[in-house]
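Chain nomenclature is as follows: A, B, C, D, E and F, assigned in order of appearance, with residue numbering initiated at 1 for each chain independently.
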Amino acid sequence: VTHELSGIGTGTIIYCLESRLGIRGCFMTGVRPVFPDRGFIGRARTLRCLPPRTDLVQAQREAGVPTPHRAAIDGIGEGEVLVIEARGELDAAVVGDVLAARVKAAGGAGIVTDGCVRDLPGLRALDFPIFSAGVHASTFSNRHLGIAVDVPVSCGRVTVLPGDLLVGDEEGVAVVPGSVSEKLAVMAREQEELDEFSLRKIAQGAPLSRAFPLDAAYRAEFDGQRKETS
Amino acid sequence: VTHELSGIGTGTIIYCLESRLGIRGCFMTGVRPVFPDRGFIGRARTLRCLPPRTDLVQAQREAGVPTPHRAAIDGIGEGEVLVIEARGELDAAVVGDVLAARVKAAGGAGIVTDGCVRDLPGLRALDFPIFSAGVHASTFSNRHLGIAVDVPVSCGRVTVLPGDLLVGDEEGVAVVPGSVSEKLAVMAREQEELDEFSLRKIAQGAPLSRAFPLDAAYRAEFDGQRKETS
Amino acid sequence: VTHELSGIGTGTIIYCLESRLGIRGCFMTGVRPVFPDRGFIGRARTLRCLPPRTDLVQAQREAGVPTPHRAAIDGIGEGEVLVIEARGELDAAVVGDVLAARVKAAGGAGIVTDGCVRDLPGLRALDFPIFSAGVHASTFSNRHLGIAVDVPVSCGRVTVLPGDLLVGDEEGVAVVPGSVSEKLAVMAREQEELDEFSLRKIAQGAPLSRAFPLDAAYRAEFDGQRKETS
Amino acid sequence: VTHELSGIGTGTIIYCLESRLGIRGCFMTGVRPVFPDRGFIGRARTLRCLPPRTDLVQAQREAGVPTPHRAAIDGIGEGEVLVIEARGELDAAVVGDVLAARVKAAGGAGIVTDGCVRDLPGLRALDFPIFSAGVHASTFSNRHLGIAVDVPVSCGRVTVLPGDLLVGDEEGVAVVPGSVSEKLAVMAREQEELDEFSLRKIAQGAPLSRAFPLDAAYRAEFDGQRKETS
Amino acid sequence: VTHELSGIGTGTIIYCLESRLGIRGCFMTGVRPVFPDRGFIGRARTLRCLPPRTDLVQAQREAGVPTPHRAAIDGIGEGEVLVIEARGELDAAVVGDVLAARVKAAGGAGIVTDGCVRDLPGLRALDFPIFSAGVHASTFSNRHLGIAVDVPVSCGRVTVLPGDLLVGDEEGVAVVPGSVSEKLAVMAREQEELDEFSLRKIAQGAPLSRAFPLDAAYRAEFDGQRKETS
Amino acid sequence: VTHELSGIGTGTIIYCLESRLGIRGCFMTGVRPVFPDRGFIGRARTLRCLPPRTDLVQAQREAGVPTPHRAAIDGIGEGEVLVIEARGELDAAVVGDVLAARVKAAGGAGIVTDGCVRDLPGLRALDFPIFSAGVHASTFSNRHLGIAVDVPVSCGRVTVLPGDLLVGDEEGVAVVPGSVSEKLAVMAREQEELDEFSLRKIAQGAPLSRAFPLDAAYRAEFDGQRKETS
């Protein structure tokens, strides 16, 4: 999908959110790309998992309807990122290759969890963006009970609401509050230009005190260049 | 309140749930009584907290309605236990003495959280059952955003549904699945009689192999005594 | 010592710092009173400890001068609180009864560490305010090398500067930035009056929505009472 | 070595163990391949390490016989996997390149530990399957005392008995209880066929509700295909 | 029991072991008295627990002999301390009141574990020394499989051999290597005299640099006093 | 830069420090190369970070001089390694691509931190040795306040003094105490020859008991070869 934030790294997104818009709490801790070269942009579809409790597990099995775990996956929409709250649990997986394949086939943009994934070779073959806190072969029900779809979740110590815009790259996963998405896209591209200018000057020997942020002389030079190229 | 489980310890409750009913995942880890001599029995009213995200915090402030955090407390009903999911966060509190006072005044049975509480002297003065993972004076919004009232929560690695029966004593907090509450009460009293008998025999020198569980001879003696006393 | 903050709890101090002055990061996490009924007020004298490295330990032994560990203690002044940065290390102690006795005898106000203390019976006999993250009998050099006295330290995830005002009570330890100490004392006493009023109204059945913070009617009543008593 | 489980991934093994045989607790947590492309199958030879205690370390040094640490390695047999219990210790290694070279030269199938390994460049040159919880250059005796060879151990929160069959691949390490090994091999190959069929249908757009597990129609198709190919 | 170390605190024991005998690694981390006023001295009887694995749990159930868990307890001898290795597991208990009652009735000196205990009210009624890393009502088999009795174990990061002398007091648990027990008793009593002298001088205003360790003048005074009293 | 330790791995350095010089505590735990093929040798320039406290952050902003964070970087010298103490904080970064570019341009040898770095794609483009405990896009001030330059720091549980020699490779980071640097270089080269000899013999089937350390026969062979090649 083309998106106004396409090509902008999560580093720049978070820098702009925090330093220019004063919005904090948007980058997931401990959630890393399983395959570092596969990023994504998409809207969050969420699944909340709770610890298993025998009576609730049984009730869900006997209910005769798809569990939230399966419903969340089967019902994923075009361009959606499946965000699975797993309470940082590292002793069991929340998805394997078959479930991930369904997310991909249904047009999903990626899978993000602060738990683990399984079937690593199968996931690799799938060639799909997957971000997790780890890899573990034990199956879902060892540690999880899917409890609700498309409710607010916590993932990697970040609050994600259904519909939130998420961006994933080799650095990790950023959540972009919907209301600032457009403004942020403009800022972020500007920031990238600024950073490139700073990096060039620094490479030439300029100290931070002159080149980051730009002092008056460099700022003038930067503004001059921008005028030319626009 | 009188309740069929009144006077039964959480140890016996969990033993019966696990060993006799095969129900696991009902005792909270790391949630301890702030005041060990204050236990409770009550139905769960739940509050779910997520990590703060600047835009959501602001939206909630500007919404002009009570936050879920305050709504959960103000609306508590007679005999309800407020269960606050705090994701094990030990760097800020979820309630202090004033909020706890409201839970008490409204007829609440207790407060349980896997986060921290604050205003320890005030809480002590309140003389009310409070169970937490710790004590920390920093205020709620440093680490939390109340997001929903009376939804399923995770507390101390246990899933709690609104309306679940909770029992707290010096050992900690047990969740009793509603469907087994009556059956459990009968079992638990029976188990306590059995345990007392075992303890008496063990104190007299009997080995576990005879007295726990009871061998045939002790079982006959136990059954004989029960007949007499009933 | 009499101090403008005498009698004010750390809960109220932190509430005022955070909610009214916008100052965060002042309450120590995981640092609890070893003896809950012994609080203190005092100025910080700091000791910074680093992990032991054989060559540095030897150099210090051969230097022929008191180690920073001992110098920090021997040189403590009247009313000072010894704050020992121990990097959260729970496998060895930073002080025992003899060193603590020296702090007390020299007029120190208390000892605070995010490490452990040892000689618990001796410390109890000493009857002195001691706050730590735990108790462990292993001696200092197993995990620590005292490196500097009266430099900024981190203790319980709070930055403490030499000379900072510290308050300890059964809730834990608060750091009061020097510049706001007077202002804070006034605010805190006011806040305690407000809280008492709120608590009274809540005990009488008022909801949070009326009594915390006070609505217009209650505010008028509170102001009226204050005028009378002043 | 050829083995009935050759070519079966740990993901499939654990799925079959858990979901079809009801056997849990067989996949190691936090034990990852140091070189992801080097898997193994082999029987466990175990080494148990305990924390060092000065008197025991000295006694072992003075005993005049190889320590359990060295005996475990020198005596490894053809096709055996050395499993070293290291209590999750991340501050020192349990083997480096020289010890690992001996395991390889003696015909060992791999090395597995929930501690760390050292000499990473040397290990890479060795081209041998090594699975660990981390990498750390500090030597064994900093954190470990080898105490026993070929006793039951805990590794990555999994119990391993001497002689247990272990499989390692890029996902991690699975333990296969001896009694089910043959049955499991059959199941696992069947499961892989099923999963491939599910993956194909899902790629073509089938939802989980039809393709995982297979509904009646897909099941018939699958069975028909199997008949043809067999 | 009378013992040469009776009345010596674990603080003094560890100080002498570490500072005078150079023996480290003898004080348990995170293992605290459940009832701080109940200490003990005794010889270790050990029980090693591993994580449960379905097939091994079943095999043990079908074996028709007492499990190691029960055998360790039933066979405890006069003056023995039951040391249970629980790998720091905080989600389930290793003993409750009935099992602990058997240890007491059989003449055991105490129970020590780096896991949890259950039935807190019952344990309190038992009036017996119990040291643990926590309290949790879930039963043994949720997290443990007793695997061996009287083998070396790790408890609180300390290696304990069957027969080792253990001392527990309000500070925690120290292991005394058998070979140094007598020597240590003499040293420890001497050290306590020295510490008392140091504490007295420090209380009178002496700095550490004179009183800990004693300088020449104080040493002479101390030696003079000792001569008089002997 | 050429250096006497050039080409020696951290594994060999630590082995020699620990086993031959008795110097422990020199290898960082949990600090890994962000780009495993980029090592370094250099002298430490240190930056100490403490947790942010609102009043101190503001004071630093208003001071009108470069913060220690920026001063540490801008003032880095030829061949220096920037070592940033970050208290193991995994929720925010200490440097990104622009700051790292300045370290490189100023002739720095590398960056080492027990915190996180950000701008992973930019850092990759920079082609510079960077060692950290993780990657996180959140900016410095979320978790850090730079407090002092060129003071002793703790990084990865190792004490680093300004001017200490540091070596980084794919295994991690070793600190070489200045006083032993020359001696160590000789030992380390000797050790590498020995290890190569051991590895060759082991590959040919020799057991550890003969080849590591070398027995008399192998030692003679080794000494003979050395004489020839020198």
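Keep in mind that, in the parts below, a contact is a pair of C-beta atoms (placed from the backbone, for glycine too) under 8 Å apart; a residue touches a chain by one contact, two chains touch by 3 or more.
Worth saying up front: this structure is predicted, and the values here are computed from it rather than measured.
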| item | value |
| --- | --- |
| Counterpart interface for D-E, drawn from A-D, C-F or D-F and sharing over half of its contact pairs | C-F |
| Chain centre separation (chain B, chain E; CA means) in Å | 31 |
| Averaged-CA centre spacing for the pair chain D and chain C, given as whole angstrom | 48 |
| Sequence positions of chain B contacting 2 or more other chains | 24, 157 |
| Inter-chain touch pairs (all) | A-B, A-D, A-F, B-C, B-E, C-E, C-F, D-E, D-F |
| Chain A-touching residues of chain F, taken from the complex the two chains share | 66, 70, 73-74, 90-91, 96-99, 101-102, 105-106, 118-122, 134-139, 142 |
| Residues of chain D defined as touching chain E within the complex | 22-26, 50-56, 87, 145, 147-148, 151-154, 157-159, 161, 175, 177, 179-180 |
| Contacting residues of chain F [partner chain D, same complex] | 9-15, 18-19, 24, 27, 29-30, 32, 157, 169-172, 174, 195, 198-199, 202-209, 211-212 |
